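Note that chain A is present in both complexes that follow, paired respectively with chain B and with chain C.
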Partner chain A sequence: MFFLINKLVMNFDAPSPWGIYFQDSATPQMEGLNELHDNIMYYLVVILFAVGWILLSIVINYVSTKSPISHKYLNHGTLIELIWTITPAVILILIAFPSFKLLYLMDEVSDPSMSVLAEGHQWYWSYQYPDFLDSNDQFIEFDSYIVPESDLDEGGLRMLEVDNRVVLPELTHVRFIITAGDVIHSFAAPALGIKCDAYPGRLNQVSVFINREGVFYGQCSEICGILHSSMPIVIESVSLEKFLIWLKEQ
Partner chain B sequence: MASAAVAPAFKPITGMLRRGLILDLSIGLGLGFVFGNAFWYGYHMPRVNARDAYYRKLEEARAARQGN
Partner chain C sequence: MSSAVRNALVRASRPATAALGRRAATTHAISNPTLANIEKRWEAIPPAEQAELWMSLRDRMKGNWAELTIAEKKAAYWIAFGPWGPRTEPPQGEGKKVFLYTVIGLGVSAAIFGTMRAFAKPAPATMTKEWQEATNEYLKAQNSDPLTGISSEGYKGKGHIQSPSSKA
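For the complex of A and B:
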């Protein structure tokens, strides 16, 4: 069964049909999220079966036809009520500690080597590389629009491909500065473990350190209007040499 | 007129709830740990091992490219 689940779940850097698990992680943040999820899932499975079994047992043993007067003796129990109130509270606290630890770790922006400004618009993203100048001595900047289905190349992902990808070097601390030009959007790339709201007039930031080369797909994750589903995000991680070549071409 | 306490004809049935609860908790938690471990060792660990093997291979390829 697990083999089947492994085959069915998403194993790419983009969503896959009927995918029920995370995409393969490409940043330390996403590794942490995966680990936290699986740790919590272990305890959830234990709780699910314990509660499920006891529920089943109660339904079977205390059905009115089998125990016609069970209500007479089983209508109050201080000890058991204390147990089933305190135990979940303790479990929630145990889950909260690693969760907060990861949350604050992810919030750290550790000395970025470069920054990328991502600005959400109805309905496209525009990007600026404020650390680099193009041949006209202007900051490198471009808009990134969805590629419509009719223009997709063979193998292209429907509703996910864009005309201009964000190109980033692997193994480099990159800071995304995220904002919006009109309404609230959200910049998200699941394989990189980033999701950050983009507000007009406000700068948010997230840090990424991409472990490997790849093309990572994301979508706007805040309902922003009628074409909310048509402003995908594509981040291409390349080696430093390839990144320098790309920079030179701008 | 006070009546004397009459001894029951048979021993009262007590402790059933506690015994049932201990049995049910044991079975429930036992099943939970079995399936939890199945998830952990059948799904989580293979994924972690595959990921580690991938990054190990990637590191070797990087090292080979740099001539180390």
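For the complex of A and C:
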């Protein structure tokens, strides 16, 4: 069945070797995170060069061979200290405002159309769709294990493929309810901009609105034991029609 | 002008602290032999004597600097700013020594790293050019990272190819 969906859905989003930037975003949250990151990086580079230039010119101009005794008794300069204390504080506040705005926007779970329960185990994820029943009138639920290297098809992504993917409709508000069965895990998918700790005995929730079809890879993001690296997450976003077909097959 | 009046005027023009009187010992210049070759002897002098000498120099400097002897000026400058204590010149060849030890440290690290690598398992089967080309085809066919990545328009990167061919 997943082979069929692979053939039908023509999108994948995966990490790339030596990648130093985010994966392409697939949700408004990730768009927001990208934009915040890019904005901060712009000013960060400006500040880096300004501070670097100041440091370098001090090192060059006040090297001991050039001015061995200058300002031997200079202990403090109130004005310069005020400048270099208040300026970073202002910069931090300027970063904090858009950052908190985005944080609380992302926190909001806005009237979800469906929920998916993700439960972390040592070392696999199990999923439940509590809004849908299968042919036996049970909630749709399944475990999702890594596909080991020996079972990969040629070209498959090592340590990232799973046997059962989470299938979701695109352009739909979906709520993930996240918990764990044994130790703390963390449910993360970079392209969707979600990362949420999974605690035993506690339900956390995140909202996603995937705005294109695709396959999005993630990994457990809280050290959870020896096979922490072997419990990847694969979320497959499909059109509503294909999602209904998938539901019918369960 | 009588000498009495002149003395009175000179006295009046001195700062008040001077009029209160300084310690007798400091009104006289410190003898040249005490200060001679101070830069050679300084670090061998016991700290108590160093402090005493410095205090008397400091007291001398509270007065008119023009009255200091050449030996006093030289000694005061050298004690205040000279290359002793934290300002000592580093020993000869110290930079080379630091460089040498750093290189030795790096060499040992590289040796340990190399030894560990020699005993490690071979790279996974996916780390071959053939597999990675297949990965590229797999991802391209599935339109992965369509905005900026491998499936985007005009993409010129290597995609997932990073390893040598297994046939080589």
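In this text, the second predicted complex is superposed on the first by the 234 of 250 C-alpha atoms of A that agree within 3 Å, B and C clash if a C-alpha of one lies under 4 Å from a C-alpha of the other, contacts with A are read in each partner's own complex, and residues count from 1 in each chain.
In this text, contacts are C-beta pairs under 8 Å (C-beta built on N, C-alpha and C of every residue); 3 or more make two chains touch, one makes a residue touch a chain.
This one's a predicted model, so the numbers in the text were calculated from it and none came from an experiment.
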- First, second, both or neither for A:D24, with chain B first and chain C second: both
- Message: A:V215 in the overlay: touching chain B, chain C, both, or neither? Say first, second, both or neither.
- Response: second
- First, second, both or neither for A:D13, with chain B first and chain C second: second
- Query: Now for A:L92: first (chain B), second (chain C), both, or neither, which partner does it touch?
  - Reply: neither
- Partner chain(s) touched by A:V45 [first = chain B, second = chain C, both, neither]: first
- Task: Please indicate which partner A:G155 is in contact with in the superposed arrangement: first for chain B, second for chain C, both, or neither.
- Result: second
- Query: Which holds for A:L240: it touches chain B only (first), chain C only (second), both, or neither?
  - Reply: neither
- Both chain B and chain C touch chain A; at which residues? 6, 24-25, 212
- Message: Going by the contact rule set out above, which residues of chain C touch chain A in the complex?
- Response: 80-81, 124-126, 131, 133-139, 141-150, 152, 159-160, 162
- Report the residues of chain A in contact with chain C in the complex, numbered from low to high. 6, 9-14, 16-18, 21, 23-25, 68-69, 72, 149, 152, 154-158, 212, 214-215
- Item | chain B - residues contacting chain A, complex | 17, 20-21, 24-25, 27-29, 31-33, 35-36, 38-40, 42-44, 46-47, 51, 55, 58
- Sites on chain A touched by chain B in the complex: 2, 5-6, 24-25, 38, 41-43, 45-54, 57, 61, 74, 80, 211-212
